[in-house]
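To keep things clear, I will list the structure first and then write my remarks on it.
Order as written gives the chain letters A, B, C, D and E; numbering starts at 1 within each chain.
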Amino acid sequence: MSTQKEIEKAIAKLSTNGKALYLAQDQGLEHAADVELTGESSNPDYVFNIAEKGEIDAFICQKGLAEKYGGSYKVPIILKVNGKTILTPKDDPYSQITCSVRRAVELGAKAIGFTNFVGSKYQSQIFDDFRKIQEEAHDFGLPVTSWMYPRGEAIKDEKASGILQHSARVGLELGADMLKMSYNGNQEDMKKQIKFGGKAKMLMAGGAKTKNTKEFLQQIKEVDEAGAFGFAIGRNIWLHDKPVAVTKAIRDIQNGKDVYTALKRLE
Amino acid sequence: MSTQKEIEKAIAKLSTNGKALYLAQDQGLEHAADVELTGESSNPDYVFNIAEKGEIDAFICQKGLAEKYGGSYKVPIILKVNGKTILTPKDDPYSQITCSVRRAVELGAKAIGFTNFVGSKYQSQIFDDFRKIQEEAHDFGLPVTSWMYPRGEAIKDEKASGILQHSARVGLELGADMLKMSYNGNQEDMKKQIKFGGKAKMLMAGGAKTKNTKEFLQQIKEVDEAGAFGFAIGRNIWLHDKPVAVTKAIRDIQNGKDVYTALKRLE
Amino acid sequence: MSTQKEIEKAIAKLSTNGKALYLAQDQGLEHAADVELTGESSNPDYVFNIAEKGEIDAFICQKGLAEKYGGSYKVPIILKVNGKTILTPKDDPYSQITCSVRRAVELGAKAIGFTNFVGSKYQSQIFDDFRKIQEEAHDFGLPVTSWMYPRGEAIKDEKASGILQHSARVGLELGADMLKMSYNGNQEDMKKQIKFGGKAKMLMAGGAKTKNTKEFLQQIKEVDEAGAFGFAIGRNIWLHDKPVAVTKAIRDIQNGKDVYTALKRLE
Amino acid sequence: MSTQKEIEKAIAKLSTNGKALYLAQDQGLEHAADVELTGESSNPDYVFNIAEKGEIDAFICQKGLAEKYGGSYKVPIILKVNGKTILTPKDDPYSQITCSVRRAVELGAKAIGFTNFVGSKYQSQIFDDFRKIQEEAHDFGLPVTSWMYPRGEAIKDEKASGILQHSARVGLELGADMLKMSYNGNQEDMKKQIKFGGKAKMLMAGGAKTKNTKEFLQQIKEVDEAGAFGFAIGRNIWLHDKPVAVTKAIRDIQNGKDVYTALKRLE
Amino acid sequence: MSTQKEIEKAIAKLSTNGKALYLAQDQGLEHAADVELTGESSNPDYVFNIAEKGEIDAFICQKGLAEKYGGSYKVPIILKVNGKTILTPKDDPYSQITCSVRRAVELGAKAIGFTNFVGSKYQSQIFDDFRKIQEEAHDFGLPVTSWMYPRGEAIKDEKASGILQHSARVGLELGADMLKMSYNGNQEDMKKQIKFGGKAKMLMAGGAKTKNTKEFLQQIKEVDEAGAFGFAIGRNIWLHDKPVAVTKAIRDIQNGKDVYTALKRLE
C-alpha cells in the first residue's frame, strides 16, 4: 500500500506547477474509429508525437498503444485499464477491464485510468472492478484517475449539478485520486463538483471537438478558475490542425493568462 | 482466527466504560451527497474534527476518507467495506464490497463495518460476501459490525418487531460481533431485538436528522435503557450546529444522566 | 484426504454404541426466530446446556453460535456451513455457504453439516458448493452430514418414497458420510431410504414439534428399528419442558427399550 | 502434462488386447434410483463384485462409491467427475462437476469420465469445465473419457448421423482421449463416427436394458466390427440375471467370436 | 512480459521474407464436421501433411489436434484457444476458451489464436477472456492472433468498411499482434482496415471455398497488394484437389508474381 503522501508525490510528477494537462486517445476503441480518428489522428505515432512535443504531462491510452508504440516515446503513460465499444447493443454501460494493473506496471505506466459509470445497472460490477484495480494500483504506488460518468436509464440528466456533485463524492469515498468529469458549462456547478470531490483532484474531460478554439479555451479558463487540477483532452487537441499549439494555449491559461493571450499561440 | 475473548477485548477498546458511541459518515456515497451533506458537512476534515473533539469511540467511513483524511486524525476508524448509491435503478438492495479487509488493516482500521440486507433477493450474495469478510476480519483480530437491515420486496414492514428480532438473530448466527439496527420506537421491541442478538452487541442506527435534539436524546435514552451497547450516529451529529455538544449529551445518557441534564450540553 | 476408515472412526466418536443423537439449533437463522425460539430457547446458553447435560453426541449449529458460545461448553460441534432465511422471496431454495471448512476446523468442529436441496433449480450451484465442502472436510478428516431434502417446484411430493430413495442415493454418490432426512411416517419407506443410502449413515430429521412426546418417541422407535444410525433433533428437545429427559428417552429407545419404558424418563 | 504416448499407455492398461470393456453405474444419481436400481443392483457391493469377477477393464462410478466401496475391490476405477439428477426442472442439460481431479487421483482412479452435452445452451459452461478437467487430468497422466451426447432444444435428432459425426469430432478437437457415444443402430453411421473421432477412441454407451440378450449382443457385434475401441455398459450387465456371463459374452465378441457362440456363455 | 521487439521477432519466425501463410483447420469444431470436412480432409494426418509439405509458415488448430497429431509433424502450431460449435441455439456468438495458454506452451505452440466477436452482446466476457489470454501469452513470449469478427444482432453489416476499420482498431488497442479479418472484396477498404490496425499485422481469413482457384488467387493478390501481412486459409487449401500447389501459388503472389503466373502451379 502507498500512503496518501506517496500518492500525492506520484501525482505531482504528473503535473507542472501543480496543474495537469493530459492528452487522451482511446476513441478508436470506444467510438467508431473510422468516424472519430480522421486524418492523421488514426496513426498512433502522430498522436504520441503531439504528446511528446506539446505541453503534456501524460498520455492516456489503452494497453495496445502502450505496448506497440509507448516504448518509442518519452511521454509518461496513464494506462486506461477498462473500456467498451460503441458496437455493442444499447443498454446501460459497462466497461470491461482490458489490462491488468500488473501489466500496466510492467509497461511503465505512471498512473491508472478507470471508468466508473455511476448509476448504471452494472454499478455493482463496476465498483467491484474498481476496488480491485484501485487497491492493486496503490500496492504498486500508482495513482488512480477515475472517469466519474453518471450514465444509464436511471440517470435522467447526466449534466445535472446534483448528480455531478454526488458522482464526485462517490469517487472520493471509493478511493479515486483524480476524477475525470464532464463540465456542464456552469462554473458554479464545477466549483461544487470540486468541493464534493475533496482531496480527489478534478480533471475536466475534453469531450467532442468544439466548433472553434476560442470557445474551447473559454471552457478551459472557467474550469481552471473554478479550481480544477487539470484537463484530460483528446479530440480538441489531436483533431486540431495545430495540436501542439493548443496544448501551449491550455498551459498558458493554467499559468494565469487570459483566453486572448492564449489564443495567440494559434496564430 | 481470533478467539471470542480477543474479539471482546478489541471491542472494549472501541468503547468507554462498556458503552460505545460511533460517528458515521458514508451518506455521501449512499445518499444524494448534494442533498445530505449540507453546509460544512461535505468537508471530511470538518467531520473528522468532530470525531476527534467529541465523545466518540470511533469514526465509521468508507475507504476513500480513511485513505485521504484518516492519517491526519487520531480517531479510531471502523472501515465500512461495502456500499451502494441511491443512483442505481430501484430494485432489492445489494451493497458491493468497496474495500478489502487487507486494505482496511493496512489503513489501521480497528473494526469492519458491513451491511447485510436481510430478505433482499440478493441475500445469498450478501451472505457470501459477509462470510468472507467476517472470517478474514477475525483472522486479523478485527471485530465485525453488521448493519442488519431487513429490506426488499419480500419485507412488508421493515420496522415490524418480529422481523427485527429475526434479523438480530441472523446477525448472531452468521457471526457478527456488533449489530447496527434501527429502533422502531418501541422500547419493548428493542429489548427483544437485544435478546435475540445474544452476545452480538446492539448498536442503534441514527437515521435521518430528527426535528429537535430533545426528541433525538429521548430515543437515545430509551434504547440505552433497553440494554443497547451503543449508538452509531451520523446526521444527528454532523448536521447539528453544535455537533461536539451532541456527542457529550449522548455520553451523559450512556452514563446514566437523564435527558434534561444531557440537554444542558446544548445550551 | 481421509480414508473411509478414518472417516468411520471420526463418526464413531460422534456416537454411542453405534447410535447417534444430535441436538440441532439453526432455526433462528432458517425460520422466524421470534416464532420458533420461544421461551428460553432463544438463549444459546440454555440450548448448549441441554446439549451438555443431555444424552447428546454432538450439537449442530451455525458459525456464530460456535464462535460466541461454543468455547464455554464441552459438547462436540457439527458445524452447519450453509443456510438461508425464511425472509427471502419465495423461490426454489438455495442455502448459501456461511462458514468455511477451515474456520470450522479452527473452531474445533468434529463434523460438517450441509443442506442439499435435491431437485431445486439451484441444484447445480448446490452440488458445486457441496463438492468443495465435502472434499475440504475430508482433507481435514471431518465427516460430512448432508441434509438430503427434495425441494422446489419440480418436486411434486417431498415425502414420496421414490423421491426419498433417490435422494438418499444421490447423497451416497456425491460422497456424504451421513444423511439427515425426513421420515415420511412409513417404516418400510425408511428401510428403503436406508438401503439406498448404502454406507452413508441415516439420521432422521426431527422436524416441527409434535403434539405429544409419545407420538414423537413412537416415530423414533419406528425409525430406529428400520435401521437408522440416529437422530438430529431440535424443537422436539429444546422446546420441550423437560429437554434433558427427552434426550434420555430417545437414547433408551436406541438402546432397545420400548416407548413406554422410555416415556418414564418424562414423568 | 502427459505426452500422447503416455496417455496411450495409460489407456492400454485399461484394455485387453486393444479392446476395452467398462462396467458403469451412476444411474442412482442420474436417473430415478428407485426405478433403475432394482433388485440387488442398488447395493454397490453387488455391482463392484460383478466388476471384479467379470471380464471388465474398469468400473465407472461417482466419487461417493469410489470413496466408500472402491477401497475393498481391485477393479480399476474411471471416476465420473460430473453429473446431474433427473429431479431438476426440465431444461437443456448441464452436469455439475462432482469431484475434483485431485481427489480422483487420490482415490486411485485410472481415468476420468466427463459428460459433454453438445448443443446444450449450457455448452460454454460445459466446455469450460471440460477444459479444466481435461488439462488437470493430463497433468496427472490420466486419460479422459468424454460422454459426447448431443442434447437440448437445438438438437432436433440426437441420433442423426451428421450430429453424431460432428459430436465425435468436437470431442477430438477438445482433447478427449476416449469418446463414449450412442449407437444409432446403423453400422455405417458408427464407422463415420469412429472416423470423425480420429485418434480419440470410440466406446459405445450401453443405454437402457434391451429386451433380450441376443439383441444386445448383436449391437455389440455391429459396433465392434465397425472398429470401436470398446463398450461402457451398465444396465445390460447389472440388471441381467447372469451379469458375469454377459461380460464374458461381450469379450468373446471383441475377440472375434460370433453372437451365437457368445450367447453360449449365458446358457 | 515480452517487449514489442521480442514479439516482432517471434512473428518473424512465423513468416517468410516478411509475409505469412497459415493453414487453418478448426472447422470440425466450429461448423458441421460432416458437411465441411469432406473427403480426406476429416483425417488430421492428411491436413498436417499438407502443412508440412506446402509453403506454410504455421498450422492453426485446436488443442486436441495439437495433442494427438502435432507431435508427429514439424510444422509450427498456432494454437486456437477458444471456440464454439454450430450446434448451440442461435444467439449472439461467444467462443469459450478451450485451451489454457500454459498448455499451449507445453504443447510447443508458437503463437495463440483467439476469436473476438466485436459487437456481440457477450463482448464484455470476450474482452475479459482476451485480456487474460493476451497477457499470459506475452508472459510466455507468444504473439497473439486475434480473429476480429464483427458479429451479433447489433451489427447490421459485417462487411461494412467502417465496421471493419473500427474492428481492426479495437484489435490494436486491446493488444493483438496479428488480426485475422475478412476481406469484403474492396481493396481500398482493406487498405483502410490495415491502416486502422496499425502495428497489429493483418491476415486475411480464407472463408468458404471459392468456385475456382483463379477467383481465390485474385482475392489474394488484391489483399497482398493492399499491404496485408498474410493469409490464414483453410477450406480453399485442404478441400482443393491440389492443396500443396495452392500454397505455392499463394506464396508466388506474396513474392510479387501475378495471378496468371501463380496459376501455373496448379496445371
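Here is the rule we go by: a residue touches a chain if its C-beta (ideal position, glycine included) is under 8 Å from a C-beta of that chain, and two chains touch if they have at least 3 such contacts.
Computed from a predicted structure; not experimentally measured.
Novice: Please state, in steps, how far subunit E lies from subunit C along the shortest route of touching chains.
Specialist: Step count on the best path from subunit C to subunit E: 2.
Novice: Tell me the fewest steps from subunit D to subunit E, where a step is a jump to a chain it touches.
Specialist: Counted as steps through touching chains, the separation is 1.
Novice: Between copies subunit C and subunit D, are the contact residues mostly the same numbers or mostly different, with half as the line?
Specialist: The interface of subunit C with subunit D is built from mostly unshared positions.
Novice: So the centre of each chain is just the mean of its C-alpha atoms; given that, what is the distance between subunit A and subunit E in Å?
Specialist: A distance of 36 Å separates the two centres.
Novice: Using Cα averages as centroids, what's the distance between subunit A and subunit C in whole Å?
Specialist: 58
Novice: When you check subunit D against every other chain, which residues touch at least two of them?
Specialist: none
Novice: Could you classify the connectivity of these chains, where an edge means two chains touch, as line, ring, star, complete or other?
Specialist: Contact map by chain: ring.
Novice: Report the order of chains around the ring; begin at subunit A and proceed in the direction of subunit E.
Specialist: Chains encountered around the ring, subunit A first and subunit E next: A, E, D, C, B.
Novice: Which residues of subunit E touch subunit D once you look at their complex with the stated criterion?
Specialist: 26, 28-29, 32-35, 37, 42-44, 61-65, 67-69, 71, 83-90, 94, 96-100, 102-103, 106-107
Novice: What does subunit D use to touch subunit E in their complex?
Specialist: Of all residues in subunit D, those touching subunit E are 1, 3-4, 118-121, 123-124, 127-128, 131, 135, 138, 150, 152-155, 161-163, 165-166, 168-176, 192, 195-196, 198-200.
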